[in-house]
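Structures for review follow.
Two complexes follow with chain A in common, the first pairing it with chain B and the second with chain C.
Let's turn to the complex of A and B:
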């Protein structure tokens, strides 16, 4: 949508101004901060090539989880704070694929094939709940996410999995907290067509997969149903007046979001190398929400561009600023800083009045 | 010589490089009724925003020029300071709390209080409201407007016209008020209500309260205004006094071209047939403030049917009910085929389209482009403007269709990608009509098509409706509070009273006949002409 506001600048400076206006001041500030961090990293003689490689990997591995925010935001339900629901569906899918003994690419594809419909079905049920609490989706979603993580913790502990790679090493029932994917689909995307340039490891397959997902979602949002979703998000009464079934499109939004969340965690896990169960999905929604908001989305308007820019900024900040902070301030600050940055961004975005709504 | 209350000198204002006010000056004396007229987008609202220190002015870089109040330069930083000075504003969109009574709304934040034991202990927040004094103050304010409304009724459910009076009463009740700004106060009023308001304005002016009167109804200007300032494209094009002003001259100055009479007298009569296109019986619509209670109506193929009546009698509810926007019961059949109620999709599929009276709330996607506003309804309900197996939006078709309608309906905009929010009221209305036309309806419902839009755009909108009827054979049902415009373009006019059709008249029936019907006279033996 932002592409519509293409300015016709003649000179380079005008074009730069147009780009800056398009990005918005907050993003310029964050870019500047990121630049400062990179300079600091140089001065502290941190390994820039490794950092860059890390940025690329983290960008690709988190991207789809951030994309999952777009459907609910566009349909007017706000960011999907209930994302842990989709994530746990993805984890169930991945553990099933391991349980069935799939390895390599097959394991990855089977996981995805289970994750997508499972996440979608759960998202549909979740949408039924959200349709009953219109206007309170964010609060309800947050607590729903917390609840589902706890509920699934019981599931992980009780589920009758048999695979010795996943259950506790001393036997009995229940899954481990962390399951290694080494023999399954560890880095299957990251290593696909991967190459090294100037010391930077480029995870080609991962990036391609993410961009393909972006493209598909972009296509969908421009289709008749995608536009109907945006219409519902823009003005419910307008949508009703042209005969759109508002609740149906809201269901579609939460279905799509949770399905993407389920697929997203599998991509994340293959890159990370481990499946993290139990409490791990608890705060994942917040990182995704923070990313898309930092990318310039507002609560009810999010585009692919916001997701891409946001994921890049968010992950770069974490990758670069954490080692810098660890050296300059004190060690082992990483988790604290990550939480401060994430929640700070969410707080900023939620408290920000939508620019332009005042000037009619 | 009476004192000069307000003077604005050489006011200029830019929004993002777009000059919307170019050195406008304006002066109002004590007790003067000063009319400010101009087309939408001429800069009237911006001038008032400057006067009230609205944040939107400051946030967009302030303004140039100076404002003098009682001959002293003042700098008004926010609406509260304007109020403190004695400048009262009556808003076009109502700023009332629906759950509160009339008195509570009038006295909001200025309640009369009495000390109590608790207030002595815990401070003024614990004081008791003196309801008797508040009610009598409100009564006085309402009386000065000549309104017999009970001050203890709740605002929710009052007809629009009364809400307007409550707003004015609130400003009058502020003792300090020296000048009152009325922004299109009569736009939502019926003619009789507008008359009452104009009388009230004259009474206030006699008491020494100045009034700055923004309106589109030029007859009203002639009736009450002593001086008239005309704005066009951000410039003050003329200042007239009452003696030299005529409707034609003002309209000409505003629009910058001579105005022909509205409608299409010279073109052929509509191809109205005896055949009934739409038959409605026992329609009941639960639309708050505009309930329809057992209404029968038949629309003939090819006609323009007008639906008139006073505000709150239910005329607005008819189209909203048939199109499924508000819960309805009854039977509706189009061309003999029954149409299910409470089902917007079926109504649209039956070839009916609706231009809502609530442009901003229902009619538009304010944050979307003009072209998307026009294309989305047809895309969703008829599958137009999509291509390929994935039913993707067909940008090229959307763009060219929008360009065509922008040209045809003369929508003034920077291009099809401009956001609907940024258009003036009249142009927003044209987008609403364009969007309905894109559905290719053979029956078009249009509600209050000229509410809050200026004379020039009004004529274009009405002419457009006539053209659609004559050239494309669209049957049109137009609902309007302005009887004059119904009489200008309709073949028949049905008057709604208390939720049913009181009667149907030809457009050239006498004023008296219309007046009696609007007051429910036909069914009450002419005894209840006054609507309480």
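Let's turn to the complex of A and C:
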């Protein structure tokens, strides 16, 4: 018996070692950190039920933005650092829906109905650019995203919106920096079929919506087009040789990614309760990229599983570390931790030799 | 040799205006934008000249620090932010020790250089691991380093290392305040010799420092190491076959860049007289890169002339755009957003053009 246990132990430790090697040092550090935070939360007697509820909400709220990374990563364009393009499209859609006076579920659906095609169209145009700069998508995308945010800031400051809920109360031109959704579609998904278990608020509608989006994307990635995209991402020469139109699938990737980004920000906003305009979308892409990489993705290989796990881990870390950091050290620290983790994991992914993903 | 003989011949055929315009399209476009902006901003000329002189003195050094990595084929070094951080750490130390004037500034420089060398070395090693992706690595590295910097300034200082200076630390005793007063070293370099013409003050010694840097840079590029930078920049394989230690040359290029950026940040801060603890360094990389690109440099080619012209144009735009935006659109914010858009947009377009040309060459 004892021997058997020891052997099992050996097997287990070896398996653990293999898992550790597969995960890489930065992810191990992140997991250890998360573990420490959870233990600290218990020791400090923080309200675990509220924290769990927050994790669930933020998981559903950020999930679709993270899913938006999958199409471009799978098709070999790397993470979509140009995501702010899709996000601003989503914001335009939401502001239009408010301008037209839609409220409640109608407001949410109208926003989505405008956001998805608008984001897709912008993503298509963006894809045309990216096809010209193959190999430099990440750098060009980063600065393209930044430029779009500043350009759209000019738009927000000048656009002729009329709704008194969105323009500055004392007149003048331009939209407010944050627009409250209280009378529109604030928490429309979060409150749908929401229930409370052991003090944990479960945002059922939000989670259902996110999982539905995951399922649809999963189906798509398994369709003929999805498999072709993966083929292009795995080996561009091979894809060309079997007659796939590489540029077309790359266009499809950026279109889908920006459309998801546009829809994602609306889901994010309904949960958050506010639309954040101007400079707010500037760094959102980085957090989405960081999330999916924490979930185990590499620069050119990402699956739904990576997105789901990564979002969950990353958001748990943020939710738990915020009160812990506030109690133990200082308030700004959780934001700092967020920056370090996000960019640290991206740096790690960049510095890894991509032989593994090439072989796939 | 044959090639060398050919180039002047090809450039000779009279004075080719069309080609001149085409080759310098970016600076010419920005000269026009700046001229229009200055016109609509309606600023008095002496004020404009005074502002530009100040900004040229305090920013040129940072922009020039980008040249060596470009020549070494590593693209635009967004990692100069780390150099700026090294300078700020040094300032935090010298202000804490209550150093003053030129002596204090010298001590800051002496402290900065070793720190910047270490930062540059680490950056260079990382870039060697991410060969071909140096620029995106540099961008992400600058964000990552900014996170660590904030961790150190918010928590390590005062929280781990005792830092008994009430004027620098937050009331809780942990973490630095948002701004640190550099009054004791304000204008320490600028005011050694200052020529005044009415509103316009010329910080002679700062310009001398920039001039020395330019001469030193030209000299460096003529040495063996300078030739190695060029060789590695042109073709890594051939440079390797020729017996150049590529990895080391690339690291050295980044070390030079980081140290120069650190010195540049010291010049910048002594002129400003105030250190925004969590903000002074953040945009250093973006603004320097935008400036050198506006001057007509590309991802693979840059000269000192382009760096200086770019600094001039970029900062002219910086001064005039809020007022021009206010006078044209009735909203000063629009001008503000416009100049940020120009900074980001110019970088985006330059990177896109570089990748585009690189692809059509293949």
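Throughout what follows, the second predicted complex is superposed on the first by the 321 of 360 C-alpha atoms of A that agree within 3 Å, B and C clash if a C-alpha of one lies under 4 Å from a C-alpha of the other, contacts with A are read in each partner's own complex, and residues count from 1 in each chain.
Criterion: a residue touches a chain if its C-beta (ideal position, glycine included) is under 8 Å from a C-beta of that chain, and two chains touch if they have at least 3 such contacts.
Owing to the predicted nature of the structure, the values given are computational and were not obtained by experimental measurement.
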item: Chain B versus chain C as contact partner of A:219, first or second or both or neither; value: first
item: Touching partner for A:240 - first (chain B), second (chain C), both, neither; value: first
item: Touched chain A residues, chain B compared with chain C; value: C
item: Partner chain(s) touched by A:122 [first = chain B, second = chain C, both, neither]; value: neither
item: Contact set on chain A toward chain C in their complex; value: 81, 129, 132-136, 138-140, 142-144, 146-147, 149-151, 153-154, 157-158, 173-174, 286, 329-330, 332-333, 336-337, 339-340, 342-344, 346-347, 350-351
item: Residue numbers on chain C that touch chain A, as the complex places them; value: 126, 129-130, 132-133, 135-137, 139-141, 143-144, 146-148, 150-151, 154-155, 159, 172, 174-175, 329-331, 333-334, 337-338, 340-341, 344-345, 347-348, 351-352, 354-356, 358-359
item: Of all residues in chain A, those that touch chain B in their complex; value: 4-5, 219-220, 222-225, 227-228, 230-231, 234-235, 237-238, 240-244, 301, 358-360
item: Parts of chain B lying in touch with chain A, wherever the complex brings them together; value: 15, 55-56, 59-60, 323-325, 343-345, 347-348, 354, 356, 358, 361-369, 372, 376-377, 379-381, 383, 386, 390-393, 417, 421-422
